[in-house]
Structure formats: C-alpha cells, structure tokens
Amino acid sequence: MEFTVKQIATLLGGEVAGNETLAIRKLAKIEEGRPGDISFLSNLKYEPHLYTTQATAVIVDRSFQPRKPVEAALIFVENSYTAFTRLLEEYHKLRSYARAGVEQPAFLGDGTQLGEQTYRGAFSYIGRNCRIGNNVKIYPHAYIGDNVRIGDNTIIHTGVRILDNCIVGQSCVIHPNAVIGSEGFGFAPQSDGTYKTIPQLGNVILEDFVNVGSNTTIDCATMGSTVIRQGAKLDNLIQIGHNVEIGKNTVIAAQTGISGSTKIGDNCTIAGQVGFAGHLNIANGTKVGAQSGVGKNVTEEGTAINSSPAFGLKESMRSLAVFRRLPDLDRRLNELEKKTEK
Amino acid sequence: MEFTVKQIATLLGGEVAGNETLAIRKLAKIEEGRPGDISFLSNLKYEPHLYTTQATAVIVDRSFQPRKPVEAALIFVENSYTAFTRLLEEYHKLRSYARAGVEQPAFLGDGTQLGEQTYRGAFSYIGRNCRIGNNVKIYPHAYIGDNVRIGDNTIIHTGVRILDNCIVGQSCVIHPNAVIGSEGFGFAPQSDGTYKTIPQLGNVILEDFVNVGSNTTIDCATMGSTVIRQGAKLDNLIQIGHNVEIGKNTVIAAQTGISGSTKIGDNCTIAGQVGFAGHLNIANGTKVGAQSGVGKNVTEEGTAINSSPAFGLKESMRSLAVFRRLPDLDRRLNELEKKTEK
Amino acid sequence: MEFTVKQIATLLGGEVAGNETLAIRKLAKIEEGRPGDISFLSNLKYEPHLYTTQATAVIVDRSFQPRKPVEAALIFVENSYTAFTRLLEEYHKLRSYARAGVEQPAFLGDGTQLGEQTYRGAFSYIGRNCRIGNNVKIYPHAYIGDNVRIGDNTIIHTGVRILDNCIVGQSCVIHPNAVIGSEGFGFAPQSDGTYKTIPQLGNVILEDFVNVGSNTTIDCATMGSTVIRQGAKLDNLIQIGHNVEIGKNTVIAAQTGISGSTKIGDNCTIAGQVGFAGHLNIANGTKVGAQSGVGKNVTEEGTAINSSPAFGLKESMRSLAVFRRLPDLDRRLNELEKKTEK
C-alpha cells in the first residue's frame, strides 16, 4: 500500500507544507521515522526530533510553528494526535480486510452457510451446519466445529479452535491459537480414588465486539453457556472455566484465570495473573490488582481489591508496606520484651 | 439426535406421567429448560421451577409428589440425579464417538499402523512408524510425530501436538492445542554469558485415563521419560517440565507450573496457578492451595499446604489473617514503645 | 540410527574394554540403561549402578578403575561427562536435521523466496513475499504470514504462528504452538464505557539464537518492534506484551508475563510465574525469584529481587521468615500490652 502525502492530507482535511508528491508506505514514531514513513508531533517534548527525523512526512497541529527548518513535508491539521490515530485505523482496516476468497485446500462441512465476502485460508476447517456471517475472515489452520454460528465482520485468526455449538457475535476478533468451547474440568471423585469425567454438554457464547487473546482458553458450560458479554476484552493466555460469565466491557489482562461458575460484572478491570475461585459474584466496576487471588464475592460496585488472598486495595497497600519492615518489627518487639522483663 | 420421552424412560427404567410421544433433543437445567429439552428435579429447592419450566420432560424421584399441575411430562425413577447423570453420559458418548473414517486431505507416514474404527480429521498429520489403537479419534489439525504410540479409545482433539517417540495410553483425552513432548528448557551457561542448548532426547509417557487440558504443555525428558500416571487429570494452560512425574489420580487445576524433575505423588489435589520448584518430592495425597509456591519437599502424606512460599495450610491461614492487621500491629508497637520510654 | 561401540569410541577418541561390535541405538542414564543403550559414569556416587546396569556400553574416565567385574563394554575417555554431552549433541543434530524437502499439500505464497535444504511439512503455510533462509525447517501446521523473514538454520515447529512482517534471526528454535506477532492488548476507553481497539501495526524481531517455548505469545509492537535480543531463551506459556524488549542472553522461565513497553536488560535470569508491570526498565543481570511481581524499575546491575511486590531478595527472605511467625508476634504483642497496662 502506497499513498502520496497529498492523498493523506486530503483524507485528513489538512494542508501540506513541502513536497506533496512523495510516497508514504508506513507509520512510525517521530524518533524512529525512516524514508517512506509518516509520523506526527503532538507533545512538544518531542519537538527536537522534528528537526532530525528521516520520516518523509509529519502531521502537526495547525497552531504549531517550527522554530528551525524541517526536511519532512508537514501536514497541518486541527489535532495531530487524533489525525494520526485515524490514519492508524484506516491502515489497520486496509490490512485486516484485504483478504477474501478461499485458498485451497480448505474444508467445508455439509449444510454450512457462508455469508458474502468471507475469507477462508488454506487448511481452514469448518464443520457441518454452521452459519458464517458476511465479511467473516477465517485464517489458515482455524478450526470451527459443527453447528457453530459466527456473526458479521468477525476475524478468526490462524490456529483458533471453536468447538461444536459455540456462538460468536459480530465484530469479534479471536487471536491465534485461542480455544473456545473445549470441555470444562469436571470430574467426580469415586470411592476407589479415581475420577469419573462429568460430561460437558453446554457451549460458549461470545457476544458482539468481544476480543479473545492468543492461546486463551474458554471452556464450554456443563449445561447452558459460558458467556462473554458485549465488548469484553480478553488478553493472551487467560483461562475461563465452565459456566463463567464475563460482563460487558470488562477488560482482563494476560494469564488471569477464572474458575468455574464465577460471574464477573460489567466494566470491571482485571490486571494480569489474577486468580478467581469458583462460584463467586463480582460486582460491576470492580478493579483487581495484578497477581491477586480473589476468594470471596465482591458486592459493592466500583471496589478496588488487591493481594492474595485479595482485600481492599488501600488496606492491602498498607499491609504490604509493613510487610517489608517485618524484620524490624520483630526486633523492636524483642527489645520491648527485654525491657519489660527487667 | 432425537428421542421420545418413552424411549428415554425405557432407557432409565422409569414410568411416564404425561405425553410419552414428545421429542427430546437436548439436556438442560430445570430453570433454563426450553421446548425439546429434558431436565431433572432432585434438590427440592428447585421445585418452584418445575411448575414454570418450558422443558418438555423432567425426571423426578419416585417418592416425589407434585403440589401443583405440571405442564412437562414427568419421568419417575429411583434417583433422579443419578438417572440424569446417566443420560448426560450417554449423550456425551453419542457425540464423542460419532466421528469415524477419514476426511481428506490427511497425512499418514510410512510404516504407521492404524487400529479399527479410527477417525482422522482433515489436515491431521501422523508421522512414520506410529501405532494407533482401535477407536482412536484424531481431530483436524492434530499433529503426531514419528514413532508415537496411542492406546485404544483415546481422543486427540484439534491442534494437539504430540512429538516424536511419545507414548499415550488408552482412554486418554487430549484437549485442543495441548503440546506433548516438546523440548524441555535446558541450557548450560557458557563463560561468555551465552547459553548452550542441552539436547532433550527423552519422551513423554501418558498412562491410561489421563486428561490433558487445552494449551497445556508437557516437556519431554532430557533422557528417559516425563510420566503422567494413570487417571491423572490436568486442566488448561498447565506447564509440566522435563523429567517430571505426576502420580496416579492426581488432579491439577489450570495455569499451574511444575519445574523439571519434580515428582508429585498419587491422589494429590493441586489448585490453580500453583508453582513448584524443580527436583522436589511431593508425598501422596498432598493438597496445595491456589497460587501457592512450593519450594520444599512434602514428606508426610495427606499434608495441606498453602501460600508462597508454601507452608502448612492452617498456619498460613493464621499468618494471612494477621497480615491484614499489620498496620494495626505496627501502630500498637509504636504506642508500646512510647509508653515504655517514659 | 545404529552405531557400534567401536564407532562411538572412535568418534570420542576413546579406548574400548569389552565387545566393540555391539550395536548402540539410544542414550540413557546409567540406572535406567537397557540393552542397546550407551550411558556414562562421572560422579562416583553412581558407581554401584555400573556393576548392575543393563546398558550395552558405559563411557568412563581414563583414570577410573572398576572394583568389580562389569558386563557392559567400557569406553575410556579423558572426561566421561564431556564425552557423553558431545554424544547427546551429535544425536540431537542427527534427529533435528533429518527432515528435508516438502510434504504435500503445503501452501507457498507468491513472491516468497526459499533458501536451500529447507523442510516444509504437510499443511505448512507460508504467505507472500517472505524470505526463508537456508536449512530452515518448517514443520507441519506452522503458519507464516506475509513479508516475514527467517534466517538460516532456524527451526519452526508444528503449529507455530508467525504473523505478518515479523523477522526471525538465524539458529532460532520456535517450539510448537508459540504465537509471534499477534496484536497487542491496546484499547482506548470511550465515554460510554466501551473500548476502541488501538491498531497494532508494528512487528516482532527475534535476533539470532533465540528460543521461544511452546504456547508462548509475543505481541507485535503498536508501532516499531517488540524485540528479543540475541541468545535470549524463553520457556513455555510466557506472555510478552507489545513493545517489550528482552536483552541478550536473558533467560525467562515458564508462565512469566511481561507487560507492554517494559525493557529487560541483558543476562537477566527470571524465574517462573513472574509478572512485570508495563513501562519498566530492568537493569542488566537482574535476577528475579519465582512468582515475584515487579512493579518498579531496577537500576543497579546484578540486583536480586523477590516477592510480590518485589524487593531485595535478602530483605524479602527475612520478611517472609517473620511472616510465618506472625501469629506468634501478635500474641506477644498482646501480652506486652497486658503487662504495660498493669
């Protein structure tokens, strides 16, 4: 993909100072700009880079006045940061939606309906009786079982596994090697010490605008559905147990694990490597610090918790501060004991 | 799959009150039952749902007497919970064993022997000189290296990787994208600060009835075997280092990691996100709390440990309780010091 | 692969006592040796096994004198441990480089250049405009996107995903199901509580001699590159966020997570299940204990830290020791209070 400085200025509604005909191929930070790149200057802390950058063009605010000569072409716009973000998005869209058609060999099961403008990569597998929406992109090596439904504009990256009967909404993105709908971890202990597998017959429902990170696993429900609500964002290597429910617009960072049947509310923010016990209810807007271990319900909305086991964030920070001084506390206690013995 | 209420009652040895001819297609919880579903009532806490459920049929205990009119057909059996569990299992079996034959293209290496009634999905890969037992199901995109043996009735799900020379027992289930037998993490530091790879030439042995969760990784031994003993159950995203041994019927929850050469005994219960150092011996029946960090041997059977670093469960609970009151302890110590100074 | 005892002795520059014509097929520990195996005796603690082993041959030091009759053939060399390690490496090389050519079907995009002596497994996918070096091995089901460069002698195992524009150096090993270059976790909160995806347009650069473990995920940079420097070794199930930089010869154990834009120095040693916050700078030679949570910069080279949140290793060990005695401290404080009240 290649555009001229002028084409980009037109898209952004900006004016050019410098050579409009130069070719732009890539976006870059101003301090890393190379010939063919376009960059931006918003925070004036970075202004010195403007005079040394090798980028071909730089987007700046209309209010900005250079204090030295600039090699790069300048594109003046109302808000350079917003304009650059828009470029990023346009560029991203071009890349994401570039693929279409089917690469052979690809497997398509009987009774499956495909929408319009889908992409199916080589070695992709779609089972029987699925309904795949318009503009869905299914990358190479993706596996989709039987009776799966996928909404419009969803991207299924390479190596993703979506098992039988799962439902994926519109405009979702499932990153490479994520597993959706594998059997939950349910075993009934027997009197001889062995375990009997409890069949897991439910499915997983991802509502619209859900993101699932690479190598994340979401188990199907024993019966019914494990549900990830609209707009929730899951990072990489997360474990979601059977019958869990994640609320709308809740964001979960990498390597967090949520045990079976726990319900996380809407608009929660959960940091990395957090663990949740099973069968909990976590109120809307809960914030959980990294590496916390959550073993109890959170009933009040907007609560911030931390530590393992988790309790109030402020309280935990105070306890952790004293923790570092424990050897000192111990010593002082010893001294006091000696004193009072006398 | 569709059955009549009568067919199901006959299977369960029960009697029907209501319309025997209705069609059943799915199992559901009584509070989520929809037309075409069968459900059950065991715990009388859920009795109110019996009078409102849309399920087509409900299994109840022979001793149960409805207090209001019921829309659904009732199937009376000795123990409704046991009967429903049996239905679950039958349904599960029907689903699991439905697939057979081979979907093309599939890769089969020279010298490999396949048992009877195997299933090989499209894009599955089986290397050279393997022995695959009867009724083994190898799903699409599964990879099996050279010289691998797999016992009867084992299920290898989509995207599983089983590397050269590994041995998998009978009736195992390996969930999507698990990796069995990749090279362990062994590097010898050199005098110039670089590391030299220590070749990892051993394999992994899974005995019979082992379950391995999605995206779990089990490294091969440096020499000899990493061994997962009969009936052990591993959840998702677990890391098992080289030369580890996991005992019979030991259950390990998601995201736990076990470092090289550690031996875990039989019938242990290990919660999620636990870490084990290398070269440890953990006695039979040990119970480890979530997020614990185990750095020492456990020599006494049936010990419960917790915390990071881990020590006795009870002791750790007491320490954790005082931890939350540390700012208060600190304050009291300050006061005492002031008092005794006077 | 089969060699005679004599062939191996010649390779190692050793002398044989016993039958030189016996066939060797495998390497084993002396206590696990079976007919056809070769083993070694270095640490004399293991000497008793020499007199009972079933191994066909054992490598021993030239200075060693058996005190009893030995069944196995003995190969005398200067240093038995070094000699055995060399055998391990030779054996490993034979196995690793055995595969060559292409198994069909395999997908090769337009404009991609392949080096000499490459291996492409069945169902491997290489996108458009890639440059693949000499002797690169790409196993079945591996996915390589568009515009990817891979240096000579690199091994890409089964199920690995390398996304568009990534650069992999020479002599790297990427283990099964690792994901390189997937989109980072970047979302801008909107006023209505939803999140907007921040496009991630950068790539990942792995320099030479880098190892990446199974199911590890390395996100691409928002712009620019996520960089893993020469000789760094990453274990399984690790998460590397966008724009992270890992220094030369740094070793990271399994299940550790590093948040976006953090820079780890050279020659660091990071244990398992560690978490790093984002935007940190970690000095060269830092050592981090297992399950630590690193929330602050480390500015001094060679620092050892531990605990969550992490602080000095020694200090943390002292605090953790007192932590276990907290109930006792509490009790003593109570007693002192009673005493001073009187």
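By written order: A, B and C. Residues from 1 in each chain.
Just so we're on the same page, contacts are C-beta pairs under 8 Å (C-beta built on N, C-alpha and C of every residue); 3 or more make two chains touch, one makes a residue touch a chain.
For reference, the UniProt names are A, B, C = UDP-3-O-acylglucosamine N-acyltransferase.
Keep in mind the model is a prediction, meaning the values are calculated, not measured.
Undergrad: Drop subunit B from the picture, leave everything else in place, and list the groups of chains that still touch each other.
TA: Excluding subunit B but keeping the rest fixed, the chains that touch end up as one piece.
Undergrad: Between copies subunit A and subunit B, are the contact residues mostly the same numbers or mostly different, with half as the line?
TA: Subunit A vs subunit B: different; shared/all numbers falls short of half.
Undergrad: How many angstrom lie between the centres of subunit A and subunit B, each centre taken as the mean Cα position?
TA: Once rounded, the distance between the two centres reads 26 Å.
Undergrad: Could you tell me which residues belong to subunit B and also touch two or more other chains?
TA: In subunit B, the residues touching two or more other chains are 105, 123, 141, 159, 177, 215, 237, 255, 273, 291, 308, 323, 325-326, 329, 333, 336, 340.
Undergrad: So in the complex, the part of subunit C that touches subunit A is made up of which residues?
TA: 105, 107, 123, 125, 141, 143, 159, 161, 163-164, 177, 179, 182-183, 185, 187, 193-195, 197-201, 215, 217, 219, 223-224, 237, 239, 241, 255, 257, 259, 273, 275, 277, 291, 293, 295, 308-309, 311, 315, 318-319, 321-323, 325-326, 329, 332-333, 336, 339-340
Undergrad: Going by the contact rule at the top, pick out the subunit C residues touching subunit B in the complex.
TA: Residues in contact with subunit B: 27-29, 32, 85, 88-89, 91-92, 95, 103, 105, 121-123, 139-141, 157-159, 173, 175-177, 209, 211, 213-215, 231, 233, 235-237, 248-249, 251, 253-255, 266-267, 272-273, 290-291, 308, 320, 323-327, 329-330, 333, 336-337, 340.
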